[in-house]
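Data block below; observations after.
A, B and C label the chains in the order they appear, each numbered from 1.
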Amino acid sequence: MHIPDNFLSIPVWAALDAVSIPAVVLLSRRAGSELDESRIPLLGVMGAFVFAAQMINFPVGIGTSGHLVGGALLACVLGAAPAALVMTAIIAIQAFVFQDGGVLALGANVFNMAIAGVLAGYLPIHFWSTTARRKQAIFVGAVLSVMVSASLAMGELLISGIAMPKPVIVISLALFAMSALIEGAITIAVVQAIEKLNPGLIQKKQPSSGRALIVLSTVAVLLGGVGFLMASSAPDGIEQIGIKLGLAAKTQFHAPLADYSVGVFESSWLRRASAGLAGLLLIYGVCLGAGRLIGRRRTV
Amino acid sequence: MHHVHVDSWSQGKSVLHARDPRAKILTLLVFLTVLATTPADAALTLGIDAAVLVAGILIAGLPLLQLLSRAMVVLPFSLTFGLISWMTGDHLRAIGLVEKSYLSAAAVLLIVGTTSLPALLNGFEKLGAPRMLVLVAQFIYRYLFVISEQAQHMRLAASARQGDPRLHGKGRFRAAAGALAVLFARSYYRADGIHRAMLARAFTGRFPLLSSLHFRLADGLFLLTASAFLIVVRTQ
Amino acid sequence: MTPLIEVRGLRFQYEDGTQALDGVDFTLERGETVALFGANGSGKTTFVLHLNGILRGEGNISVCGMELSKQTLPQIRAKIGMVFQDSDEQLFMPTVIEDVAFGPLNLGVSQHDAIHQAEAALEQVGMLLAAGKVPYHLSAGEKKRVALAGVLAMNPEILVLDEPSTFLDPPGHANLVHLLRTLPQSKLIITHDTHFAAALAGRAVFFEKGKLVADGTVEEIVQRFQWSYSDLPADLRYSAQRRF
């Protein structure tokens, strides 16, 4: 589910970068205000644990095996914001060190997995973690986290105009559903094993989770649902939506490419590219500024 | 493990290794952005981009074939979607997907192969990345291999018991969960140990960071000429 | 002369109720090197963790004439340099030099001076060439030396080492003994290795179930408690009851 570079169309990855950057800044400040920096080793080690855990195979019959993704487990152990921050760091390291996922596509991957995925996974856990339904809550959370991130990724690919005939979509959704169930099973099995080892390690009630987090989590689940619905409707429908919104790459490249005259192509590309780069620089500047402002307000 | 290669590549010495990480990060972003806007059949542009990468790899003294084959990690994904695109008639996108995602991966490898991750993270922090994120990433990277090794040992131990007839299906599932739980507990207590070591050395609650990056003329020149070259090539 | 460390009536209970320390009295004079012996779980590590305030129990502790309290913690932590058993937990910064400079920087030293102090400490343990390296690539012995440099950079008066010779091969052992002998600080060494202790310590104490039950020379303690790997007991029968 890590989308590489050059799969998403420019407006899609740029928009997601624009959304993810301030979101991550906010998460950092929130994680930084919840805990002082002495919790950073715990966050880091838990992140390393999730990374390493992804290597352990869980046999799920018929010769296949799955592995843990870890968003819901982290949310259980650390709380939503720290978990999202840790997942962001993991995704960034995966992109740079392991070329798993693109660099320009980091905004998309972080949004799908670290933000929406973790928040969606957190929601059931928040509501039911102190009740008798805790195990089910954790299971549902894990399932949701995978379904939401996968659906969003699918939706983004479709909007970008990546061709996906109906059978491919159906198979992909089926695979997502399977992975989601596996994630649920592994997460709950590991949580139970941990509690058997040492009952105190996983907190039963999250220390702090304001209304904002609940709202965000709900939005994440809804977004995931939208992504899922979009993905399951006919592919042509998606492309039409994408084209109408001007998001699909088709509108960008097919029209000018059909007309191969250098002059027009050159100037229109330059205009678009410089506009694009200027836009990115602007977004970057705004995020930096916003981040500093937010930070200042907190200390006041 | 692959990471060992990238890690040792980044310990080398060359003009590229010596460049400030910020210059390299920004150049990488320019390269990737220019590549993203390049149409799939602009063969000359793509060819020059590839040549630039190869030149960079050679200048940096990195093993060319190893790096190029490492960049192939991205191919399973892009070939699959490329095939599907081809079959739906979108030949251009199919080729583009495969070519460009491969070049992107190679470009990232070039930068990571000439910049140690701590230096890279330092560069990101100076470019404005949130402090918490950078610190967490530093710690993840520090303990990633230590804990992975532990996980490897557990896998070996588990597979050594593969022949146990009592363990099948559900049993093996539970065994794997148990192994993860043990790994979790050890990691959790390791974090405890780290915290104590921090306290013992008068940790004040805020990490003191050594900032030793100096953006020099050479770095500026590198960034400007590389970016200008890539953009000019793109517009031809 | 004021003892470097004075402990009176130290008691400490874990959350689950186990009495980890049950009234420990201890003194460390300047220039002494003391070995701490005792079975696993007898309270040796728990005891030393109280000396720099990582654990807080009941009783009186004073270090270098300062009573242990919230205000004196930073100075005391500079005076006591603690080297933990697991070097991977101690070397947590991305590179060697950053790790060794961690202590001085926490004490408010300028970046420039911190690097100098770190380099001096690395020189002292013979690891200056590794300054830019990543801890993951170091051997166990090298990590132990860097960990030692990390505390030496803070100019401590007391060194506490928790089972320092574990994971070290014989040459590593010998190197560590030689290195420790060159260091002027007074030392507390937790160890099971009686030869290691004999090479360095003039005095030893024995912990048993949270109490300090004996205090003498290394030879006396080893003799009295038969605390040696090389002398196997006459009746060599496996006993499921005997606690490991």
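Keep in mind that, in the parts below, a residue touches a chain if its C-beta (ideal position, glycine included) is under 8 Å from a C-beta of that chain, and two chains touch if they have at least 3 such contacts.
On a predicted model such as this, the values are computed, not experimentally measured, just so you know.
Least step count on the touch graph, chain A to chain C: 2. Central chain assignment: B. Criterion: smallest distance from chain C-alpha mean to the mean of all protein C-alpha atoms. Note on chain placement: the centre of chain A and the centre of chain C lie 45 Å apart, centres being C-alpha means. Between the Cα centres of chain B and chain C there is a gap of 38 Å. Chain A and chain B have CA centres that are 18 Å apart.
Residues of chain C in contact with at least two other chains: 92. In chain A, 41 are the positions where the chain touches two or more neighbouring chains simultaneously.
Counting only residues that touch two or more partner chains, chain B has 117, 138-139, 141-143, 146, 190, 194, 198, 203. Of all residues in chain A, those touching chain B in their complex are 4-7, 10, 13, 24-25, 28-29, 31-32, 36-38, 40-49, 51-53, 55-61, 68, 85-86, 88-90, 92-93, 95-100, 102-104, 161-165, 168, 185-186, 189-190, 192-194, 196-198, 201, 249, 253-254, 257, 266, 269-270, 272-273, 276-277, 280, 284, 287-288, 291. In the complex of the two chains, the chain C residues touching chain B come out as 49, 52-54, 73-74, 77-78, 80-82, 84, 86, 88-90, 92-95, 97-98, 101-103, 105-107, 111, 114-115, 134-136, 150-151, 154. If you check the complex, the residues on chain B that touch chain C are 7, 116-118, 121, 138-139, 141-143, 145-146, 190, 193-194, 196-204, 208-211.
Of all residues in chain B, those touching chain A in their complex are 2-3, 6, 28-29, 32-37, 39-41, 70-71, 73-74, 77-78, 81, 84-85, 87-88, 90, 92-93, 96-97, 100-101, 104-105, 108-109, 111-112, 117, 120, 128, 130-133, 135-144, 146-148, 150-152, 154-155, 169, 172-174, 176-185, 187-188, 190-191, 194-195, 198, 203, 205-207, 231, 234-235.
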